[in-house]
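The structure appears right after this line, and notes come after that.
Naming follows writing order (A, B, C and D), and every chain is counted from residue 1.
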């Protein structure tokens, strides 16, 4: 077949997010992929000029629906460091718990979407069914299903009671059990392996050079996880990054699948060490100076650059989300792949285009 | 110091001239640094562009003050993944980058009818 | 033409879309339950098609519409021929013609999705048609005739007993023909793949309805072919059909979508090996 | 292959989805739902208006009105937290969908003149 130009997206049934790729294909092999962004660009960074630094928390939460809690956490950390606030230990633990619950539901969501990308609908439904349990936990403890709005400058806004904690632990046990039942399907099934093993290989050197982040980086054999820096309560929890070495779609699936269990384990640890105490300290003063704050989101490292000039309004908030970093690796993977693998490869970086464009 | 929150100080940030950026970033790459991203902010009559690099989670920055509306060399020849963020800064602040491999002509996010760079208040007209 | 034939033709033309639609509805319901959902009402396919017929006609190409109607006509004809107990090879020929018209219809539109879909559909036809031929040849070897009426009249044992492996091969072909996972390559039921809806991408409104009805005929035809493997007893025939169709739905839900690059060699080698094993068994039995 | 057990189990057990309009689930006690106000407690201080990130609340001291645009509200609950007299609360139910946008306006009835004297 001669050269064909295939417009892929922004509205395409297999894409969960509006990314546009102009694919040039020959015999169903992709020769060239040119991206176009901007379908959900909302200019949230610009809003810093008309919303004060407290209101910005709720705005940065809306950068992304799936990792909202981590966005607020990252932003609050930055502001706290500019104001010189010491966050109470309990608040740090609660932040960790919510962040890890977010990671569980985000990874379950991704596992489902990924299954859908290679046409495994029943598996998709099954993962989303499990995810629903985690959403319930979030709704009960934080009040909202995805955009939790629990962080505030100086601490957290809500507490988790002992009863709720027990309920969370019980539910997570079920989540763990049900996810484990699907392990053989997503990792050992013949047809699934045919679609993932050896597809979209990103070597260690490439991944590092192209600035990949999160599971995409770790699946290529680089143990880099922002949680190693020990923000929030991570420094007091036992944890080692999940690393795979193959760098293909399968390795990335394994990383994310294992991170679900890692996150469940971290929530358990956090609950067992949860100290009593204040939920928040009262913020004093106004943010002054420049700071870079980084956290590990489900999709990878998220970076905030915040510049305050001692006024109520910040001078600049810049958000670099993990998907932004993972687009160059994606563009590197696409040429040479089969057209049928395009959705699999796009899904494999866990794209969040609304994050990317803000 | 490895920390997730890094206040920008003289220790981790080097002030450099616009023409030094490419050489310095190449040096950092040879040392094994990974390109994280770039940030920018509007100053009085220049745009401050920060290059963030990291190695084993340790952050290192380069700060460049680019006079408004002027050009700077693209580091995409060193770190190819920089093209995306350079396009973004070009679109938002009107900083021109020389030699971006995939140049969206300031239309990475917005469409042709947008005539001003949204983050730079002097409102540079698009070329 | 005797009265029985007339009744058979009328039943084939008017009853089979009802049966086919119902099967589609049950399929959706069972699939939903396998996935833990409540699922749509059983009559949902009919509601869908009625709705499609109520929509605006969007014509991008007259060839396309002609092809849609030809595809429908060919599918009706296969069912009619099956009901008339005609020649298997003739049926196969009409089936192939129908398939070709679906491909031409897709090629008539300029959209890359439908173009690539058409090429994949051709590859799929290339995969399942030899398999079906192998099955028909097996039937001939066992019964001595390609004519269904003669098979029914002269052969008094369920074909399944003599041709178990060929039934598996037929099952293989049916998955491809019904466009179920793992072989929903050229088009899929819910348009959730890289080609959107592949060959059917450029059809909309009433014409999509026509294609949908053709699929119902196709389903009836496929079930009719399965029925041939246990023509002696009506109860066992129904059991065989139900089990086969449930098997197809099950396979649909336990596999990922594969690519044609995998399907073509694997379906051919598997199909050929099993067919020849079965032929060999028939010969061994005769001797 | 490995999925067979799971899907057969699904077939034999009850479906996991809910037939929504006919069968509604109970809400969680702490869900942040529709924003409500006890107007007679309100002192019209306007803190909620100041702190609301989506600027969906308007307080008019002269006309004694408290107005919320329910379609702009993002359910963050900041106004509830900062209200000095705790007259705002969030129900655990979400607002039901409407065919047209509208504003929710509350007007404070003039307080009875006897009240200040009694307290």
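Criterion: contacts are C-beta pairs under 8 Å (C-beta built on N, C-alpha and C of every residue); 3 or more make two chains touch, one makes a residue touch a chain.
Source: prediction; values computed, not measured.
A.B. asks: Quick check on this structure: which chain has its C-alpha centroid closest to the centroid of all protein C-alpha atoms?
C.D. replies: Of all chains shown, the one whose C-alpha centroid lies nearest the global centroid is A.
A.B. asks: Any idea which two chains share the most contacting C-beta pairs?
C.D. replies: A-B
A.B. asks: By CA centroid distance, what chain is farthest from subunit B?
C.D. replies: Greatest centre separation from subunit B goes to chain C.
A.B. asks: Any idea how many Å lie between the Cα centroids of subunit A and subunit D?
C.D. replies: Centres of subunit A and subunit D (C-alpha means) sit 28 Å apart.
A.B. asks: Quick check: how many Å separate the C-alpha centres of subunit B and subunit C?
C.D. replies: Measuring from centre to centre gives 58 Å for this pair.
A.B. asks: Please compute the C-alpha centroid of subunit C, do the same for subunit D, then give the distance between them in whole Å.
C.D. replies: 53
A.B. asks: Report, in whole Å, the distance between the mean C-alpha point of subunit A and the mean C-alpha point of subunit B.
C.D. replies: 24
A.B. asks: Identify all positions of subunit C at which a residue touches two or more other chains, and write them in rising order.
C.D. replies: Each of 34-37, 253-254 in subunit C touches at least two other chains.
A.B. asks: Spell out, as numbers or ranges, the residues of subunit B touching 2 or more other chains.
C.D. replies: In subunit B, no residue touches two or more other chains.
A.B. asks: Out of subunit D, which residues touch more than one other chain, so two or more?
C.D. replies: Each of 1-3, 7, 16 in subunit D touches at least two other chains.
A.B. asks: Between which chains does touch occur?
C.D. replies: Here the touching pairs of chains are A-B, A-C, A-D, C-D.
A.B. asks: Per the contact definition, I'd like the list of subunit A residues that touch subunit B in the complex.
C.D. replies: Per the touch definition, subunit A meets subunit B at residues 34, 36-38, 41, 43, 45-46, 77-78, 80-82, 208-211, 224, 226, 228-231, 289-295, 301, 303, 305, 307, 315-316, 318, 320, 324-325, 327-329, 357.
A.B. asks: Over in the complex, which subunit A residues touch subunit D? Could you list them?
C.D. replies: It is residues 51, 54-59, 61-62, 120, 122-123, 126, 129, 136, 139-144, 147, 149, 157-158, 181-182, 184-185, 188-190 of subunit A that touch subunit D.
A.B. asks: Please name which positions on subunit C make contact with subunit A in the complex.
C.D. replies: Within the complex, subunit C contacts subunit A at residues 34-37, 112-113, 115-116, 119, 181-182, 184-185, 188, 190-194, 196, 253-259, 261-262.
A.B. asks: Considering the complex alone, what residue numbers of subunit A touch subunit C?
C.D. replies: These residues of subunit A touch subunit C: 1, 4-8, 12-14, 25, 28, 115-116, 118-122, 125-126, 129, 189, 191-192, 194-195, 338-343.
A.B. asks: Show which residues of subunit D lie in contact with subunit A when the two form their complex.
C.D. replies: Where subunit D meets subunit A, its residues are 1-3, 6-7, 16, 28-32, 51-54, 74-78, 81, 90.
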